[in-house]
Amino acid sequence: MKSPIIIRVKQKQIAQLVSHGKRLDGRGLTDYRELQLETGVVGRAEGSARVRLGKTEVLVGIKIEVGKPFADVPNKGVLTVNAELTALASPSFAPGPPSENAIELARVVDRGIRESKAIVLEELCVEPGKKVFIVFVDVYILNHDGNLIDASAMAALAALINTKMFNYEVKEGEIKVKPGYTPLPVKNYPIAVTFAKINDKLIVDPWLEEEQVMDARLTITTDKDGNICALQKGGYGYFTTQQILEAAKIAKNKAEELRKRVVKG
Amino acid sequence: MPKKKTKKLIDKNGVRIDGRELNKLRPIKLEVGILDNADGSAYIEQGKNKILVGVYGPKEVHPKHLAISDRALLRCRYHMAPFSVQERKSPAPSRRERELSKVIKEALQPAIFVKYYPRTSIELFIEVLQADGGTRCASLTAASLALADAGIPMRDLVAACAAGKVEGHLALDLNDTEDKEGEADLPVAWIPTLNAVTLLQMDGKVTLEEFEQLVNMAIEGCKQIYPLQKEALKAKYIAVKEEVKE
Amino acid sequence: MKSPIIIRVKQKQIAQLVSHGKRLDGRGLTDYRELQLETGVVGRAEGSARVRLGKTEVLVGIKIEVGKPFADVPNKGVLTVNAELTALASPSFAPGPPSENAIELARVVDRGIRESKAIVLEELCVEPGKKVFIVFVDVYILNHDGNLIDASAMAALAALINTKMFNYEVKEGEIKVKPGYTPLPVKNYPIAVTFAKINDKLIVDPWLEEEQVMDARLTITTDKDGNICALQKGGYGYFTTQQILEAAKIAKNKAEELRKRVVKG
Amino acid sequence: MPKKKTKKLIDKNGVRIDGRELNKLRPIKLEVGILDNADGSAYIEQGKNKILVGVYGPKEVHPKHLAISDRALLRCRYHMAPFSVQERKSPAPSRRERELSKVIKEALQPAIFVKYYPRTSIELFIEVLQADGGTRCASLTAASLALADAGIPMRDLVAACAAGKVEGHLALDLNDTEDKEGEADLPVAWIPTLNAVTLLQMDGKVTLEEFEQLVNMAIEGCKQIYPLQKEALKAKYIAVKEEVKE
Amino acid sequence: MKSPIIIRVKQKQIAQLVSHGKRLDGRGLTDYRELQLETGVVGRAEGSARVRLGKTEVLVGIKIEVGKPFADVPNKGVLTVNAELTALASPSFAPGPPSENAIELARVVDRGIRESKAIVLEELCVEPGKKVFIVFVDVYILNHDGNLIDASAMAALAALINTKMFNYEVKEGEIKVKPGYTPLPVKNYPIAVTFAKINDKLIVDPWLEEEQVMDARLTITTDKDGNICALQKGGYGYFTTQQILEAAKIAKNKAEELRKRVVKG
Amino acid sequence: MPKKKTKKLIDKNGVRIDGRELNKLRPIKLEVGILDNADGSAYIEQGKNKILVGVYGPKEVHPKHLAISDRALLRCRYHMAPFSVQERKSPAPSRRERELSKVIKEALQPAIFVKYYPRTSIELFIEVLQADGGTRCASLTAASLALADAGIPMRDLVAACAAGKVEGHLALDLNDTEDKEGEADLPVAWIPTLNAVTLLQMDGKVTLEEFEQLVNMAIEGCKQIYPLQKEALKAKYIAVKEEVKE
């Protein structure tokens, strides 16, 4: 563990650098760290992907089960996103029920998938009101070095693209498995781009020490057509309208680059 | 419980199901200082939303290890009454309620001089008694009044309002039906004197151009709400003054 | 917040006054505070009522859902009373799972409704053993200035009287909604009257500062025919038999007055 | 699991299904000091009720902030074994168990000199191994013996007994069937030397006159239970004495 | 409560005695304490037994209910073992959700019953995939004076042997009760024998003060044919292979003695 | 999800479904120091098992009253990812996971010089990313590497391996199918230099003779795993050395 004094000195340095358009690790303000992506890493899961964004590491596994639809949408499958900030990923994560940070992370990833209609939930209905498929997206943070949202969102998307469902037919209300697998139909590719505001400047893909010094955080998720499909401001600071609109334009472009990487797998 | 059939939400004249034009707020009623025990409180009705906010603090932090050496700890609990929505809600806090508690807290903190009260906590309790879409914004609007009523020193009030997209139209301050059946909802919290957006979220799908329009529309909404907040505060102080005189 | 010393002085004063047959707020020993009652205040609920008893304020909402009966009473609907001591109502209430005080409050209100047969649960059965109506009575304390039980019981009764159920018919085991609403059949009107014992005297409707000084508490719930249908002693003190019997007589009379107010709405 | 058919609970001679007359207690067996580890303990059988009570304390309070500066903190946990009732009960405490824990605690405290042990706690654990109606009263009867056995200084013992209404008759000490199928059940806890009623609850429906009779009947029951408690305590001390002599 | 100093002196004494082949309470290293067994002690339960092993006292009650089978074994009844370390049994037990010790105890008892096939779960299936019997084995520790595992396992076995199920027939998918009772078919008799290692010697049936001084614990459960059907090592020490094999032989013999006592009831 | 039909697990030549002979381990891959934030870490693949272990400590104990005056407190959490098994597992810890956390902790402690760090805690987090039978042994094998990587002083590494009975044959290191459909599984943890068995459990049914054989077979497995552990540690230190040189 690094001493708190070293951390504080580093943080000051980070802030000063950013105000000069530079970053401690040499990146430009709108550069992402190195992205590594691997799919199909967990054979027990219907789909999976591991994303490394610099030293941040996320594993997503997809499980599909048969269950009941919600009463108010009887003809739709169910999407459930859950995030686990595993205690081995950071000394600041404790085991136990999900913290507000874990809940926010899961819900922001969820919104991107849901609002972009990446998965068409209507196609996951087996018998309206009675039997639908439930898609569990479990986000597992393995190492926390900042920008968990973007890494998680990319890992979730890659895992969904990687997902294979067994073939089946419905006989007398019961699901009978047939040979073979079919990919889960993924129709859109939401990509989250997260900004940190430091010394009134915006940077993308903040790493941990930048997050510790940032005033506020803004995540903008865009879909394959460049539409915005989810937003989340975080942190105790604020943004001006100008900053928000500037961020949106950057997010759209950045997302395009990242999307290519994620979709090709 | 029975569900109503979907009908057209906006007619050819741009009039919404509750009779509003696209850029109009729902009727808002604000009251300050209506709870007896809380250090500060406020009540808001916005459309059919009915929300009560109470503030305690600055006070000692429990448990102590959560105290922050150079500022107050702001805590917030956004909670919906079981009977506030169509299907009864379990009283246990849902993941949605926990997320909203977090973003509301983060939206208010920039307005508060938290450095004035190190090692204390300011506790904000929001009870949604009836929900009709846009509860997080209405909660925020009332919450900053409750903080002011508690005498917490603030840079400014926080006003909050959503704008959204409904049947292709951009519209201000969506009600429950518009929110659920519309294409997008974008809640914004705004601090006028700082020109600061302190809450920004979105569900739905909009183009970059629509996004810009929605952000501006929502801030316009905040600008209309802000004077109502000031009035409500004044009304309280006038009432108090008169009480003192009597 | 008032200082603890002021509170203690006031408490002593309260106790002395009571021993002379007087109360700090000018009431007689068996006088209630001003009662305000409003129904239909929450449109989303099937029924609702707000009661103000002095500065004590309670909101009750009724929701009705379809569910399964308990196995041992397959032909009865289900009554569920829940009480939430909201954190904004008092600095002594903390958010979280219900405390023993919240549970006791809910259960005393429940007993009054259940034992007086205010709601005939048999009439809420749709299909024995399979489908019944569940009546949720959610008691929401908004401001605590003493005597939560009486205020809550009155608000619950008023809310039940205010409750409208949608019309329905049963077709092939499924509930089909029909146009219109019917009032929930409320057949009895239980009213709780709570006594505090202070300096060996009984007072009714204690407010917060009286509760802080009382030795013990006794709640007597009577029904429309003057029968006793629920009792609850609370607090760390005791009552003599004479006090209990005296209280029962007062309770019956007081309840009659209050009942008129609640039933007329 | 199969349920028995309801039959007549009281015959024309006023005899109850278990052969008792209306004003008779069920057979009671009391034992004191039967647990090895607890500081005090007692066991009661009353009808088919089988209840074990253990006491620890006075001891340090955990967590410390719950300690009371001028008296002991009395804590009580009434708990039913999963197999104590017809349908298996989940081991997690129900709302009913939590309410009974509270009223039992409040019924015992007036008998205890809590001022003697400031900043300590006295912890009472009640385990209902078999339930047959009237468990809260039987628990109380045993609990005050367990407290005495632990050497906690007390003003007097607390005796407890219920009376109720069954098929129009007033009857003492209802068993499970009478309790469930009868019209009312009124449990009372009573401290003889203070003539103090420390627990009073009721389910059911009775007239004012019946109420008066039931209260008196229940106290009569307590009066019969009290000497049995004293005997059980004596038996323990004689047993201890003899053990010491050996 | 005994003072910690007295406890420490006693513990030293215990360790020294054991190294000389003796025990503080006069037992030989492989002697059990006095065993008392009583069945049918809880009339509300379908079966029950109370075991006293020295001053350790355990009550087990069996409840049988109708429920759903697990999805992966649709034709098997369900066995559920739960252990409650009641707060009255020891000053070291706190009320609340089960501790890791309570969970381990329940799971070791469970394994003995399950792996020896003491209950043939296939015989508890009413309608495959839909209705089976659930056998709840609730282990209730009433006094803790050491070796809870062996006492609990014996009480559980005795309670199962004592269990009577009502007769029934299945009509149109519903269970109809018929007159009379049938014993639960118990086909095997697993007996747990627990060793403590103290000063590198093995002793059986450690009492509380021996447990406080032991290095490690080993439980070996054997069935009626002398097969080993469950093992559990506990504690922060270790065993050599020789000690384990020696223990297994002793366990088989000891179990035979104990089994006779338990089966005859 | 579909289940595979049971087929013969061991053919007439004693070859298992994954092609192994009876006394062969599955392929094992070990990596040390792969997590950036943890004080020590290790990763193991054994067959299709994929398990990650992280260690924090020695560090301050929270809450403080759990600190032990004369040694470190070893804490362990064995946890399975929801997607690690066929049917999705709820993220809340199951009773099985809590039992395994306990026995793993007890199996590691004899190897650690816990007296060196009184009043501190050593926290071990095990995440099973993919499960294929024998996860507790694979977790232990990786956990002692993670402890060593964290610089915790140890008497020796702990190696762990199971042996079991499948279709009448005794076999080493059962995979998931063999474990579930076989007759017995006996996991063992072993400290070579102490000749100490620190974990021993069993499900299933075996004779005394088979038991002896299984214990010896499992220890033989541990003896094969131990050098792999040493190699993995060395590889890490060589890697570190080279990094330092650069």
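Chains: A, B, C, D, E and F, in written order; residue numbering restarts at 1 for each.
Please note the rule applied: a residue touches a chain if its C-beta (ideal position, glycine included) is under 8 Å from a C-beta of that chain, and two chains touch if they have at least 3 such contacts.
Because the structure is a prediction, the values reported are computed rather than measured.
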Farthest chain (mean CA position) relative to chain F: C
Centroid distance [mean C-alpha coordinates] between chain C and chain A, Å: 48
Inter-chain centre distance, chain C versus chain F - centres from mean C-alpha coordinates, in Å: 57
Intercentroid distance (Cα basis), chain F paired with chain B, Å: 51
Geometric centre distance via CA averages, chain F-chain E, whole Å: 27
Chain B, residues touching no fewer than two other chains: 87
Sequence positions of chain C contacting 2 or more other chains: none
Chain-level touch network, classified as line, ring, star, complete or other: ring
Ring of chains, enumerated from chain D in the sense that reaches chain E first: D, E, F, A, B, C
Chain E residues touching chain D - in the complex, by the definition given at the top: 1, 41-45, 48, 55, 59, 61-65, 82, 84, 86-91, 95, 97, 136, 138, 140, 142-145, 166, 177
Residues on chain B engaged by chain C in the complex (per definition of touch): 1-2, 35-39, 41, 48, 50, 52-54, 56, 77, 79, 81-88, 91-92, 123, 125, 127, 129-131
For the chain C and chain D complex, residues of the former touching the latter: 71-72, 98, 100, 103-104, 106-107, 111, 115-117, 218, 223, 226-241, 244-245, 248-249, 252
Contacting residues of chain D [partner chain C, same complex]: 3, 87, 95-96, 98-99, 101-103, 106-107, 109-110, 186, 191, 194-208, 211-212, 215-216, 219
